[in-house]
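In the two complexes below, chain A is the common chain; its partner is chain B in one and chain C in the other.
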Partner chain A sequence: MSTWYERLENIDPRWIYLLVYIVIAIPIIIPLPSPLAITPYTRDAFEAVEKLPPGSLVVLSFDYSGANPELHPQAIAVLRHVVRRPLYIYIVGMWSDGPVMADQIWKVIDKTGYDPEDPTKLITKEYGKHIVNLGYLATTALIVGVYDTITKMMTIDFYGNSIDSLPLVKKFDGIKYASLVISFAAGSPGPATYLQYWATQNPNMKFVVGSPGVSAPGFMPYYEAGKLGEIGYVGVIISMRGAAEYETLLGEIGLTGAVAALNAQSAVHYLLVVVVILGNLGYYLRKYGGGGR
Partner chain B sequence: MAISLADYKRSIPLILCFIFGILYAFEWYVDIRVGDFSLSYYLEHDMLNYFNAMYSVAIGIGAINIFRIHYRRFTRRRKYWEYSLLVLILIPVMAVISVFGGRWAIDPKGVVVPRWVYDSLAPTWNFLYWNIMSLISQTMFSLLGFFIISAGYRAFRARNIDSIILLISGILVVLGQAPINASVWPGFETIKNWLMDVPNVAGRRGILLGAAIGALAYGVRVIFWYERRPTLAGGE
Partner chain C sequence: MVNFTDILMVWISVFLVFCVFSYCYRENPLFRLAEHLFVGLSVGYGISYDLWYFKNYGYLPVVYQGRYDYLIWMLIGLGYYFFFSRRYFWLYRLPISIGIGYGTGMALRSVIRSDLIGQINTTIKLSLIGVDPLTTLNRFVIVFGTMLAVVFFIFTLELKGALSYIPKTGRYIILAALGASFGNTIMGRESLLIQRIQLMMGSKYFPWEAAGIGTVEAGSYAWIMTLICAAILLYMIYTDHVKSRRAAAEATATGN
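== the complex of A and B ==
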């Protein structure tokens, strides 16, 4: 017969699964307002877009697939932001699914924004003129090549349009004209490829990364370098929370659904802390209080 | 062990390693220009195409290998052979549908392959991709949350000073990352940011620099034939 503290140390994982299910389900079923502090990482990412002069070119790289629920809300918020601002946009993806994810967002997103040629005028952004989905950057040669000249490396865009026929490509025939590159990165290949091939050629090009929570610590050395003006990232959007922060900064609450998921995320974070403490409590009681091994 | 040039299975991979290793290391530092020709540009653009072609072939070989393994498992009725049968059916089905009806179909405009092939397969591809594969991937990713909590409960034990430091810093980062921390205690946020920006960056930089120096040393060993395992030239 095991003692209570031994049972505390060896809770059946199925009870833990049930608890996880409950603490995620309740905040989703009963939504409550959630206070949110904006981290400097997200604020820097937001400011990087906000400070771009009108008429600048931004590259959004969708480096994730449909299996990354943390990155999609980030991508929705950022795409809406760059559409709203008077900017030109290229969409690429080092993951084959990436441009498809971008297409899904582009189909439903609000396309009103300020005209890059006349920043006081509110217009509906047009595909081909203000935004182009260049599609999947399948190879390193393509990543290197489109930096110099897009028309040399590609014949069609994501939708099968002739690349020469797109006014935006005529205006900016190369990624080298971009002021900011934002990569939503689920893994490898990821934004380090852009740092290697693009940032080394153009020190003025800025980079922002959207990261799942688990990968964020790995981006931090580059973020610190980016803050110092070296090759690196000038902002990092971290996890679903980063998406919610971006959405809040954008002032379009409800855009991505991330804010609504925050309470569930908080609850599961606290559950993790509680079960870890319980496990350690059982361990110490057995070891020091109950004639343990 | 000396390598004989007559033993071409061992010597050719080593010679190729030497030539391309030297070339790529060299182009990173020195660009040779003859008229319009630039060695760096050539290696970065044109030679990379060969690398990409080899990479694609390697993926094809991987697919064939998976097919062979599961075929053997199925024919010998090994444990879980039913899943192998599913793999054997689904790999060619998905491959054919993707090639002719997928998002990156070889001829969606019907120039060579009749247009009706694409038109009839595209809805099936969309269904398989978005309603099955994508959802399965999302489900797998979501299940990770359950396993992480369970694994954290079982594995995070404060057994010694190292694990105590790891445990406390881990808990503080988790609490700091929880969105509700602003109303619980804003200090969690400050502590988490400090842990991420200072000790995490210092540790990561150390690991990155160490790994880079290690990779450089390993590259030099491979180029100059001290390390023969990548080419199997040591006979392993």
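== the complex of A and C ==
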């Protein structure tokens, strides 16, 4: 007859998978409001957009593929924010799927925002005039080249329009005019590439990174650097939680679905902590409780 | 009015998510179907994107804009294909050497500034005393953690006696960083799972339109496919159970 902890150690992992599924599904079926503390990393990212003077140019880089639910909610919230503010927007992507992700969001997002020419006036933002999707930056040469002159490096935008025909490109013919670059990065190439090729050329250009959970610790030293005015990030949005915080700061709850997912995330965190404690307890009881091997 | 195509898109998504999740139970043909579909779609997508890229950034500028200088780089680029020729393999080295030379030059100019000098400056400039005790603790961890972790990677000099604690502490700092990374990874994976379950449950909070999968109204029909998938899973469990009982009965019969 085996003890309870021996049975626990030999449990079929499929029961744990089922338990995780149930623990996540319940808060999704029965959504409840939950308190959400805003981390300084997300607040700084939000403030970086909020403090931009009207008429500034922002570059959003979609450096992830379709299979990244951590970054897509972040991108929805941030794109909505920059559309709402009186800003001009360039969209690029160092991942081939990135501009497609941006297109999916642009098609359905609320396009109402303040006019960069007259920040007191609410308008509907227009493609070509206020926002341009430049498409996929496939090579380092292109990344370096568009910093200086877009029209020399690109012939068409993501939708196949001639680059020369777009009023926004005529106004800002180069990424060098941007005040802020926000990269939603699932891996490499990612924001480090922009730090290397753009930040080193323009110390006044600010950078924010939207990070998946796994990469966040690696971005933290650069966040400290960015706060001190060195080459780095002035804000970091971390995973779905960061998206939920951004959505809350934006005041458009329900925009990305991230806030609604947080209860499920908390529930599964508790479950994992309990499972890890039980697993370790079983291990130590077996080792020191007389059943050691 | 809900469009049936949107509902179909939602159902296909739910079914494919189920096919992938079914691997948690065991390896099965449904999982392989999703796996092969994914590989095929990725390769097809990649090839079509490359062709699109060549058309717009190679063919059109040369033919319609007179950018004949592009032809030089295209010819050099074709050198990659001499990898398959023993006789002309040396031509393969040409684009490789240009790429490496260009890449190294660019990296030397920029990486040293962004990743080395900038970070050293930050560590030096960082005031150890922060606005609150937790910030102060963070600063101590960053400044001393950096130094201790760097010492861990000094392999040319063996630190003995009391000094041996320095690289040992550096190792703990690195392990703590790996722990933080692992914790964040778990949080990230949970996020992936939560959104897939939102999809399967037809949650109204799932970004249906922004994800390119139908509409919120169409999403509300997702549960129908989820129930069908649950029935398929139960059938798999049942057939496995029957098989294992039959195998046990046969083993008993053979034993007798």
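FYI, the second predicted complex is superposed on the first by the 291 of 293 C-alpha atoms of A that agree within 3 Å, B and C clash if a C-alpha of one lies under 4 Å from a C-alpha of the other, contacts with A are read in each partner's own complex, and residues count from 1 in each chain.
We take it that a contact is a pair of C-beta atoms (placed from the backbone, for glycine too) under 8 Å apart; a residue touches a chain by one contact, two chains touch by 3 or more.
The structure displayed is predicted, hence computed values, not measured ones.
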Q. Regarding the shared-chain residue A:Val273, is it in contact with chain B (first), chain C (second), both, or neither?
A. first
Q: Go through the superposed model and pick first if A:Pro217 touches only chain B, second if only chain C, both, or neither.
A: both
(Q) Contact-wise, after the overlay, does A:Ser239 reach chain B, chain C, both or neither (first, second, both, neither)? (A) both
Q: Give one of first, second, both or neither to describe whether A:Tyr17 is in contact with chain B, with chain C, with both, or with none.
A: both
Q: Go through the superposed model and pick first if A:Gly145 touches only chain B, second if only chain C, both, or neither.
A: first
(Q) By the touch definition at the top of the document, which applies to A:Tyr136: first (chain B), second (chain C), both, or neither? (A) both
Q.
With both complexes superposed on chain A, which partner does A:Asn161 reach: first (chain B), second (chain C), both or neither?
A. neither
**Q.** First (chain B), second (chain C), both or neither touched by A:Leu195
**A.** second
(Q) If we overlay the two complexes on their shared chain A, which of chain B and chain C does A:Ser34 touch? Say first, second, both or neither. (A) first
Q) Which chain A residues lie in the overlap of the chain B contact set and the chain C contact set? A) 17, 20-21, 24, 66-69, 96, 136, 138, 140-141, 144, 160, 213, 216-218, 221, 224, 238-239, 241, 265, 268-269, 272
Q) In the complex of these two chains, what residues of chain A are touching chain B? A) 11, 13, 16-17, 19-21, 24, 34-37, 39-40, 65-69, 96, 100, 136, 138-141, 144-145, 160, 213, 216-218, 220-221, 224, 238-239, 241, 244, 262-263, 265-266, 268-273, 275-276, 278-280, 283-284
Q.
For a test of understanding, state which residues of chain C touch chain A in their complex under the given definition.
A. 24-25, 46, 49, 53, 56-57, 60-61, 65, 102-103, 106-107, 109-111, 113-115, 118-119, 121-122, 125-126, 142, 146, 177, 180-181, 184-198, 201, 203, 205-207, 209-212
Q: Flag every residue of chain A that touches chain C in the complex, lowest number first.
A: 14, 17, 20-21, 24-25, 28-29, 31, 66-70, 72-73, 76, 96, 104-105, 107-109, 136, 138, 140-141, 144, 155-156, 160, 192, 195-197, 199-200, 212-218, 221-222, 224-225, 228, 230-232, 238-241, 254, 256-257, 259-261, 264-265, 268-269, 272
Q) Tell me, which parts of chain B touch chain A in their complex? A) 44-46, 48-49, 51-52, 103-104, 108-109, 130, 133-134, 137-138, 140-142, 145-146, 148-150, 152-154, 156-158, 167, 171, 174-175, 177-183, 186, 189, 193, 196-197, 200-201, 204-205, 208
